[in-house]
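Listed after this line are the structures, all set down as C-alpha cells.
Same chain, two partners: chain A is paired with chain B first, then with chain C.
After this line comes the complex of A and B, so read on.
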C-alpha cells in the first residue's frame, strides 16, 4: 500500500526512445514525498530531462518509445492520463522561458492555462491576482514578453504554471539563462514556494551551490541509472560525487579535504557562513 | 528594409479611433474595403479616399499610411501602365489604380489602429475555432523572436566569412541558404518546445474552453457605428440612385 505522502513513484521503470536501442532510463525505482524539494543532477545526456518528462506524461504521450514499469503521480498511473489532464497536478517549467510565453501580455499568458481548463471568470480573476502577488510581478501584468528581462520571463513562465495550482513543480535547468544574482533570487523564490505552499519541487540544476540551502533531497543520475538518492546533507559529503560530474560546492569540498586531514566536523555545513561560524567557535 | 512593414504594423498610440471597440474598427475598415471594390468613377474614389484619409488623420496614422502608399506606388504605376498598354483608356486606367490605393489604405486602417491583442479578441468574439486563433497569436508573437534568431545567424555566418551582400543577384539569393537552413532548423526545434509547453499548460484539456476576456460595446462605439452606417448609406444613395 502506498502512503498518502508519496506523491511520485517510479516502479522498475525503464524507457528508450523509439529508434534507439540503448535505454535512456534503466530500472528506476524512486519515490518522492509531498513537500520535498528535490535536486536532480548528473552529467549531460544522463536522462534527467527524460525522467522529468515521464512525470508530467510528455513521455509516453508525446514521445514514442519502449515504456516499461510504472510511473504513479498523485495516486494515478501516468500512462492512463493525458498530458493536459496531468497539467493541473504537475507544473512544468522548461529551460527557455521564451518558448513558454505564448501571448502578447503577461496577464494573457497566465490566463491561457486557466482558460484551457475551463475555469469561470471569477476564479480566473482570483488566481491571476494571487499568482501575480505570490511571484512579485504585479508591475509586469500588462507588459508584452519582448519587454521583459530573462529573469522576469522565467518568473512569468512559473506564474503561468503555478496559476494552475499544481501539487508538483518541475523545473528543467531554470537558471541556465540567468546571471548569478538573478539565479540566486530565483532559487530563493522556489524555496519560498516550497515552504509557503507545501509545493513539491524537482529541479535540474548544475550550479548545486545555489540550491544547497533550499533543497532537502538529491538524486544523482548517471547513464540512465540512479547512483545516489536521499537526503542532500547525507549525499553531498560523498566523495564519489565528483566521479559523476557533479560539481560539489567549494565549501563542501573544503570540509571533505579537512576530513581527510582528520579534522572531523559533526555536521555538514552547506553554506560558507555557517561553516565560518563553526571554525570561529573551534579556534576560540 | 523594415520601413516597408511600418505601414502595416501596429504601434501603441492614443486616438479616438484607437480606443474604439476593435469590432467597430473592423466593420469600418471592411465596409470601406468593400465600397472600394464596387466603386467605378473618379468621383466615388475621391469621396472614398477622402473618407479613408480623414480616418487616418483622426487616428494619427496618416504618415505611416502614406508610407505604405508610397511603397505601393510602384505597383500602382505598373497597374496603370499595363492597363494603358493593353488598350484601356486613360480614365479607366486611373480608376483601376485608384481602386488599388483605396483597397490598400482602407485595410491598413484596421491593422494600424488595432493591436494583435485586439485582433485576438475579435476572433474570439466571432467564435472562430481556438486552434486557429492560437496559431495566429503565436505566429505574430514569435515574429520578433525569429527575427532576432535570423540576425544572430547572419552575424555568426558573417563571422565565418560568409559575404551575404556580394556577387550577382543570383549569387546573393544563394548566399542566404546558409542563413535559412539553420533558421528553419532552429524554428522547428522551437516549435517542438512550444508544443511541449502547450501540452503542459493543459492546451486542449476541455472542450469547453472559457474566455476571460469579453468585448463590450460602449455608447461611443454605438454612436460611431451609427454615424458610419449613415454615411455609407448616404454614399450609396448619392452614387447609385442620384447618379452623381
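After this line comes the complex of A and C, so read on.
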C-alpha cells in the first residue's frame, strides 16, 4: 500500500506530435508524490517541455498527436479534463515569459487570473501585494509589458502563477532570465512553499547548482525516455549524468573526480561551504 | 572597434534615463561579458552597438562611423546581434531558409550560402531539422537557430544576449568553444549573461552595470573579488571562486575550471598524507 498520495502519474505513456514520425516521449512510467520537489533535466530537445505539457493538459487538448497510455493528475485523467479546470490546480510558468503576459499592465496581468476564479477583492489585494513583494516588482506595478526588460517579464510571469496558489507548480526554466541574486531568492522561496505548504513542484532547469539545496528528486530524460529517476542526492553523484547533457555543479563534479582518485567522501556535499569544511577537516 | 562616448539614453515617453554617461571602447579580438541586475540596462546598451537604438545624448561609433549616420542594415553586416528572445528574430518557413535569409540579403553567392548554412546547421546540431518549421523547435533549438543565423554571415562583432538560456551543459561547452575560436580569428564576442558559471569559464573582460551606469570594467577575476560591487549588481559567485575563498590560503589561486581545481585539491589532499 502507498502511504503518500501520488499526485501525478504517467502509465505506459507515449506521445508524438502530429506530423512528426518519431515519438517524442516513449513509454514513460512515472509517479510524483504530493509534496515532491522534482528537478527535470536532460539535453535540449529531449522532450522536457513536452512532458510538462502533458501534465497541464496542453497535450492533448491544444497540441494534436498520437497519445498512448495515461496521464493522471490529482486522481483524474488529463485527457478527460479541460485545460481551464486543470489550470486551477496546475500552475504553469512557460519557458518563454512572452507566451504568458497579455494584459496592459503588470498589475492587471497578475489580477486577471485571480478575478477569473472569482476571488474576493480583498483576497485579490492580499495576493497581489504578496507576489509583487516576493518577486521584487512593486516598482513595475503600473508598467505595460512592452516596457519591461526580459528578466522583469519573467518575474511578472512567475508572480501571476504564484498568486493563483496552485496545488502543483510547474516551471519550465523559470530562472533563465533572472539575475543571479533574484534567481537564488526565488528558488529559496520555492523551497519554502514546498516545505511549509507541501506544494508539489516540478522544475526544468539547466543551472542545477541553484536547485540542489531545495529539490529532493530528479528525473533525467534523454531522447524521450527516462534514464534516471530517484533521490537527487543519490543520482547526482552518477558520473554518467554528463553523457546526458546534465551539467553537474562544479562542487559535485569535483567530488566525482576525486572519487576516481580513490578519495572517497561518505556524503555528497551539495554546497561549497560544506565541501570546503570537509576538505579542511581531512587536512588536520 | 566600438566606441561609446558619454552615452545617455531614455526611451520615448519616459522621463528617466536608462543609460547614464556610458564610456566604453571595445576592440577586435576581445571577449567581453556584460552582467548586472534585471532592468539595469544591458539589453538597451547592446542595442546601441548596431544602431538599433540611437543615443539620446552622446555618441556611439562603429569602425569610426556614427550610428546616426547609417542604417541598421549597414551596421548589421559588421555587428551581429543575437537577441535573448528567439521569437523576435525568427521569420522563415524552414530552418534552412532562416539561416540563409540574411546571407541572401547581404548578397552572398549561392555557393557560399549553401556552404555556410550547412556548416551552421551541423555545428549547432540542427541538420535534422533543416526542412522543419522553426516554430516547431524546442526552446533551446530555437535559440541555437538564432546563433547559427548570425554566425553564418560572419560579422566582426558578435553580440549575444543571454546565449545560455535553454542550453544544456554540452551546448554551453560548445558555445564556449566557438567563442574561443572566434577570438582566435580576431573577432569580438560580447556576451550578456546572468549565468555566472558560464561567464567564469569564459574569463572575459567583465563589465558590470547597475541602474544604467557602468560600475566596474575589469578582468573577470578581479571583478569577482569585489564583494561590494557584486552585492550592488545582484551577482553571486561562481562555485570555484567560492571554493577558493573558503580554502584560501590553502589554495593560492582562483581555479578557472574543474580540471585546475581538481589538481589543486589533489595536491592538497595527497600532500597531507
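Convention: the second predicted complex is superposed on the first by the 241 of 284 C-alpha atoms of A that agree within 3 Å, B and C clash if a C-alpha of one lies under 4 Å from a C-alpha of the other, contacts with A are read in each partner's own complex, and residues count from 1 in each chain.
Note that a residue touches a chain if its C-beta (ideal position, glycine included) is under 8 Å from a C-beta of that chain, and two chains touch if they have at least 3 such contacts.
These figures come from a predicted structure and were not determined experimentally.
Of the two partner chains placed by superposition, only chain C is touched by A:180; chain B is not. In the superposed model, A:98 lies in contact with both chain B and chain C. Legend: residue contacts after superposition of the two complexes on their common chain; A:142 is shown touching neither chain B nor chain C. Residue contacts after overlaying the shared chain place A:245 against chain C, while chain B stays out of touching range. Note on chain A: of its two partners chain C and chain B, the one contacting more of its residues is C.
Residues 96, 98 of chain A touch chain B in one complex and chain C in the other.
Only residues 115-117, 120, 134, 137-138, 140-141, 144-145, 190, 193-206, 208-213 of chain B touch chain A when the two sit together in their complex.
Those residues of chain A lying in contact with chain C across their complex are 17, 20, 41-45, 49, 95-96, 98, 147-152, 155, 172-173, 176-184, 206-207, 209, 242, 245-247, 249-251, 253-254, 257-258, 261, 263, 272-273, 275-277, 279-280, 282-283. For chain C in complex with chain A, the residues that touch the partner chain are 11, 14, 36-39, 43, 84-85, 87, 136-141, 144, 161-162, 164-172, 194-197, 233-236, 238-240, 242-243, 246-247, 250, 258, 261-262, 265-266, 268-269, 272. On the side of chain A, the complex with chain B involves touching residues 53, 56, 58, 61-62, 82-85, 87-88, 90-92, 94, 96, 98-105, 108, 111-121, 124-125, 145-146, 160-161, 164.
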